[in-house]
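For clarity, chains are labelled A, B, C and D in written order, and residue numbers in each chain start from 1.
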């Protein structure tokens, strides 16, 4: 096994990887940008190397700097986590060329699956159905327009190099196409250094269901079942479950086999995820894309199967055989994960950077927290606003939801706005409890949510608490009280309106 | 101590006496006798008979954010004793709709020019932050009377990016 | 199901029970002593009632006060947790007489099993082997002396009303008997209001193995397998595992059946634990005692079987059938729990009350924390010094130990001395890793532990950090520096010596 | 700043310069160039080249407790600048063994009387705290020269309960 591994990432996933290394007695080396010197992932590491300024393209995305860092500390392997350089084949090559092990698939496999257009070709070769759409990248806006007309709206624009919803746009009519096309291109360029887009027909009431696969360097390829990731905003997942509420063993087997086929076609190694769209109308599933890395939502699979995916990744990268066969994989109980973002759900999930002035995380039975922050942590404007993942396990989906509800109510974060109030609403929502999910869930949820005002007593007591705090600190709430009362009140209107919208119903 | 509390957009009279661990408060005639504890700075544990209310109070721009029973309340406290006289308030013109940056970020694109007529929902400005591009739409139909930013500008939360009349 | 339950306890177990109620939508009412008004269990409750002054015999042990509290808030049921009144049949009767449900067995079953002497009679009736010893309480010191001579030393003195090691003494020779007898009597009287003692022959290299049973009011009695609790100090458990490192399915079945027999004999209902001594020499097991309540260490059983014991308790108390049968019980993986005490392992585990000035708890995969404290919590001199339980799960015992090691290293508590350094040593101990456990473990561990000094660099950096802190706060470390340098140094000697002893090896 | 650090029972010269985020320290000739951060009050994050050392510093009676890499170090800092002159130190007589209460509690029993001869390990006093009785044993053979408590007394940590010569 490796003696020292460089963790080429930040935030909660860096912590997760450091923990995985620690448990195997491997020294973990963190990298950090100048903005991150005090981040939790640095504090938790055995060693840490600064790789550049705050902007990620000058630090976490800087291949030379990261590889140099790995060499400078004599790391034997590099774990990319997710995001940043995780799906950059050039990075994988640079790591290998530097004589180190890249903890992930071969650069060749990443090339094949990294570009969505070539990935779709692989799926076709493997006999796995794909969503009707362009197989090659669009050469121009005109082509986009023509193809869109051909398939008929609504259509999806996607970044060929993409992932994580960056550079992805749903276009419901021709009038929206240009603005969407331009925005997606810029976003794709910014996120992946490649503005190439392609276009797909949009599937009706699609469920986003993905299959976790694992392969070693000895030809063993297995799947660990599905994750349901239909609850998304801006095409980014916010809640994931294992198994899907559908929980159909036959569907699991068929999708699992399809995913394993694709893995075999590209001689995949390590952890990978094959994403499918499942039409809640027709019941058919289509290959969507493959993520050639560990997923954000891997904990729900770990909770239900019992396997430690990071541990397996390290063993596979070190040349070991998988510690289990397909027959050993059992799915016990139900797990649900909520991604806690520093975003304002009352304001279209806009990021809300800032300093965490108070943090109390839930604990107890069936609760797992993977957090990237501690008390007084800075949530910076430079990076993804996810601060933590809350995952729960229960014997049944019902028990898991009850635990999730309890854990969300325990969770206290102050100083920044988070998506916690949104989740508190979702776990009390009929449709969610019934498991009727598709990627349109949040839109409909926002429509149907009945806003229940809290009892007058709670409102009064909140005011009293504020008054107590004020009296103890004796600073006026407003710098210019007179001038700003009404202004403040006006601002507050929107703000409190928002807050009210997200009350527990 | 006589204060005004602005909560849920309503201004109310709040008369409060704090005497060690005892708090007596009256809000618009509703009376509360509470026992007060502060287990952590900023965490106020209030007992009303047997009811337990733990309030987490944080200072914000507008006043205070109070977390209570999984709900966040925006509260502004106004202390009449501290008000300066002669307030020329309400600089805010209701004929105008301001497009305001909800967070710090960078302007990447501007879809309109001064004088353009826009419909409700038309894209006005695209701001990028945390690697995400967000199109700010016009909250109403009207004419663009001012654009205060250009592509590449860095903006802060609350900045007025453009105004539609 | 109940609408409102009174939690007649404090600390981590009160939190655990509040969580269990919350998940079922039950309002949880806490009780507290005047010393506990700001405790976490009060802050987490929906309602709370003060039941008296700090001294537990005037508050948490005050039956009238607790029952009155339950009535005053219209609670429908009372959960006693463990310790305090949990095994007090009089309390169970008082609760039932007040028209409320006692969440636990019938007072009759508690009477039978509560007194160790009558419990031994029940075991004999049920055909379960017991340790040779007196069946009735000792009437005098003389009788103690005679019986001890009869069985031959070493012998065990135990409180008839006892539990949790209070009023228990190992006596290796006649010269020690009187002092042990007196101490045990006073302790028994203080802890249980009953000074009656009995005497047993001491078993050689005994393993303390207990079986979790569960029974409903419809005649179903099942067992959830064993917990190994051999690692004890002062006859109190500090580390527990499920399953036992022995992990012998046949032994589990035989002990399980013995435990179920006892449960049937007394028409037991709810959660109970039958404790056995297993001789590591002969392989025979003997009935020791039964705890007619939830155990401190129940989380390891929950982690391995997946059942939520508090949830089951609530359902059974509400009259439901058990949600599972013996055939449904599966043991998956391995769980280990460490009891984190506010005690100084370097100083014979003496309690170290105080204020927690800094707290960072471990998290991530396979880690469960049940904590009774938060930042700035007061660990009071009045109650049991356990502040939290750290439990980990792994696919194998090896994986569980690796996680435990990682989690213990993450755990940061300042302001009080805790048993964390002791555990950090244990999880690196050959014998522990090999699973060679018996109740003499800690004694031998203290003998064999090789003390590894930390690298000079760490010692220097610790000194530098202290100097930085000093320079930033500029208070002299000593009130009277001159006078106390050497005195301080002398005190430090003992202290640091101690600290060194508990360093990670 | 020149200080003395008493750590692991050894007094060492500690010369330290703190200049913003840079720390240069010399201990008995060993030189450390460190980068300093303070992510939380009392948490000092020290980088030595790429090595990460997060120190959690807490004030104690004897000085400071420093948690580092899962180990607790007792450190006393002596600032010669602040030492008063004329120290009549070492009031501690090494011929004596003091039986000291390690924590607050109540004396429940005393097994000896002044003048008794005791063996190493003999029970001297039984102190009860947190519902546990703990027998304080004599650390050495000798004669009991003083007993400073009686049953029922409440004692604090550090109190000398008895002395054996």
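Going forward, a contact is a pair of C-beta atoms (placed from the backbone, for glycine too) under 8 Å apart; a residue touches a chain by one contact, two chains touch by 3 or more.
No experiment lies behind these values; they were computed from the predicted model shown.
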- More contacts between chains, C-D or A-D: C-D
- Query: Just curious, how far off is chain D from chain A if you go by their C-alpha centres, in Å?
  - Reply: 49
- Rounded to the nearest whole Å, what is the centre-to-centre distance of chain A and chain C, using the mean of the C-alpha atoms as each centre? 40
- Message: Need the CA-centroid distance for the pair chain A / chain B, whole Å please.
- Response: 29
- Specify, in ascending order, the residues of chain D that touch 2 or more different other chains. 43
- Note on the structure: Flagged in chain C as touching 2+ other chains are 374-375, 409
- Message: Graph shape for the chains shown, where an edge means the two chains touch. Line, ring, star, complete, or other?
- Response: other
- Message: Touching pairs of chains, all of them, please.
- Response: A-B, A-C, A-D, B-C, C-D
- Could you pull out which chain C residues touch chain D in their complex? 56, 166, 179, 182-183, 186-187, 190-191, 234, 344, 347-348, 350-353, 357-358, 381-385, 408-409, 412, 414-415, 421, 424, 454, 456-471, 476-478, 480-493, 495-497, 499-500, 503-504
- Message: List the residues on chain D that touch chain A in their complex, please.
- Response: 37-40, 43, 45, 47, 50-52, 54
- Across the complex, what residues on chain C touch chain B? 29-30, 37-38, 42-43, 45-49, 72-73, 374-377
- In their shared complex, chain C is touched by residues of chain D numbered 1, 3, 5-9, 11-12, 14, 16, 18, 23, 25, 27, 30, 32, 34, 36, 42-44, 46, 48, 53, 55-59, 61-79, 82-92, 102-105, 108-109, 111, 123, 126, 128-135
- Task: Sort out for me which residues of chain A touch chain C in the complex.
- Result: 15-16, 19-20, 22-25, 44, 299, 302, 306-308, 310-311, 332-333, 360-361, 363-371, 374-375, 395, 399, 402-403, 405-406, 409-410
